[in-house]
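You will see subunit A twice below: alongside subunit B first, and alongside subunit C after that.
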Partner chain A sequence: MILGKLRLMGVSGVIDWVIQRISSVVISSYVLWLFAWILTADSVDYQAWKALFSNFWMQVYTVSTVIATCAHAWVGMWTIGSDYLTKRQFGDSAFLVRATYNAFCGLLLFLYAFWSFYIMWTLT
Partner chain B sequence: MLVSVYRFNPEVDSEPYMQDFALDIPQNRDLMVLDVLAMLKESDDSLSYRRSCREGVCGSDGVNMNGRNGLACTTPLSTVVKGDKLKIRPLPGLPVIRDLIVDMGDFFKQYEKVKPYLINNDEPPKQERLQSPEDREKLDGLYECILCGCCSTACPSFWWNPDKFVGPAGLLQAYRFLADSRDTAKEERLSELKDPFSVFRCRGIMNCVSVCPKGLNPTRAIGHIRNMLLNRIA
Partner chain C sequence: MKIHKRPINVGIPDLLVFRFPITAISSISHRIAGVALFLGLSVMLFALQKSLQSEESFNLIREALGSPLGLFIFVGLMAPLVFHFVAGLKHLIMDLGFGETFEGGVLAAKLVFAISALIICFIMIWLLP
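Take a look at the complex of A and B:
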């Protein structure tokens, strides 16, 4: 049960799979958009960057991409943990090792997301 | 030719080792790897391996030859020997019982998990459950699996989670029954496959496709299962 709760997005393989595909599309589109902006902007200096990220829709897009990145990373990191941090490698302490690893990854991703939101909404 | 064979007898050896044999291979003949194993057994009858039909039907003699899984009986030396050397190891990822014999327990547990038999609780007709030629065609490329285990033991996802990931061989059979027009348990079958491990641990590495001695394509079958699972939630 506890393991099940720790899995969070690992509850259903279908949901994990969909999350990874959708988040990939969001991240790719964001990267392409940024490249397009850099290539077409009149000047790429501090003022231009600030103006770009002060736009409400750019902030929404950026925060959405951060959420997508965190969700994508969570599914990936959880998968890595369940591949390598198993009973075969760690014996009876495998659960504790995996739970610690998952908690660390979850906390780190949460902090990244929180930090990104903070930067975005304190720009203006 | 230098043949290096994995040896391990748990009653005698504390750990496995590779034993080298120098063999004179007859010229102008392309022997199978199984012939080489038989020649080795003549010189050392303690060498253990599985074999039965010696024509690629029973699936008993799956081994790893120069790093590639395959059936010893249908693999000509000309296709695997490099630099006049051949290394023969047991199928990777499964516990070794002795020499080239592995414990296929995990493999068959996964096979059992997919219920590899027709489920149909409808009243049976007087003679047999009929199927159109088109529906029958859907089973081609699926039913031919001989369960040699070459695919699953070449799959890293199966190495890491042999107790949770069904593996390519099991999933090929899962789709064989999902695709069968006579089977009425599709929903139940799919429900048992929707967790993060059974199907979705497949990363599309496709080792299974490249080693299958019968030329089957488990990755494609897994893709079909994935689509069926997605269509359920769409």
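Take a look at the complex of A and C:
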């Protein structure tokens, strides 16, 4: 794996940096688009709302944004865990605490991605 | 491993003990807002699912937005979203090479607080019936 090799070379921080930037552009464009839609819609009722999310490309955009959010949040939450859940605070059990924390974050993010896919999939 | 007492990064308890420059407060707020959004995404997805399920559940979500608790939850999601958005935008602008000085950093942090406060106020006024 190229990613694995790059990690061994110690440049994984660069990958995280790039993931953070690209995902932030996807997420912020989606947020702006949704706000613009709500502000310019004639009326935000169920029919209009459902029609918006029934569009195939809106569904792709929504799932992509949630996946981008998961990648973004993974980098962020992992960084926070590495900063605060350390040997300084937890002694020898720090690794276990951090592994549990990372597993929880990863699981929840995976669930989010799957959930958004399920919401879009069961529409129509 | 030898444990040092030196502070390595800003912890939440440190915020109460030390006085921090506005850049540090902006940085930790960015993180706290990020964690809030990480957890809050569950509420957003739940609301999205309910709003698309049926006309009744859509109206239920709309009515909930009008209740004090619903409004509190909505603002509790929007405030970190707006702050994280503006603070993140600052990072992207700085990545392009703007404001990479001590004064620039302080000014940018002040602007982040001012602009996000303004946007949050606008959203709250917009929400008023």
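Basically, the second predicted complex is superposed on the first by the 113 of 124 C-alpha atoms of A that agree within 3 Å, B and C clash if a C-alpha of one lies under 4 Å from a C-alpha of the other, contacts with A are read in each partner's own complex, and residues count from 1 in each chain.
Keep in mind that, in the parts below, a residue touches a chain if its C-beta (ideal position, glycine included) is under 8 Å from a C-beta of that chain, and two chains touch if they have at least 3 such contacts.
These figures come from a predicted structure and were not determined experimentally.
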item	value
Partner touching more residues of subunit A, whether subunit B or subunit C	C
Touched partner set for A:D83, first subunit B, second subunit C, both or neither	both
Touched partner set for A:F104, first subunit B, second subunit C, both or neither	neither
First, second, both or neither for A:F114, with subunit B first and subunit C second	neither
Contacts of A:W33 with subunit B and subunit C, given as first, second, both or neither	neither
Subunit B versus subunit C as contact partner of A:V14, first or second or both or neither	first
Residues of subunit A contacting subunit B in one complex and subunit C in the other	83-84, 86
Contact set on subunit A toward subunit C in their complex	21, 24-25, 28, 31, 45-46, 49-50, 53, 66, 69, 73, 76-77, 80, 83-84, 86-88, 105, 108-109, 112, 115-116, 119, 123
Interface residues, subunit B side, partner subunit A - complex	157, 160-161, 194-201, 226, 229-230, 232-233
Subunit A residues touching subunit B - in the complex, by the definition given at the top	7, 10-14, 16-18, 79, 82-84, 86
Residues of subunit C defined as touching subunit A within the complex	1, 3-4, 8-9, 11, 31, 34-35, 37-38, 41-42, 45, 48-49, 51-52, 54-55, 58-59, 81, 85, 88-89, 92, 95
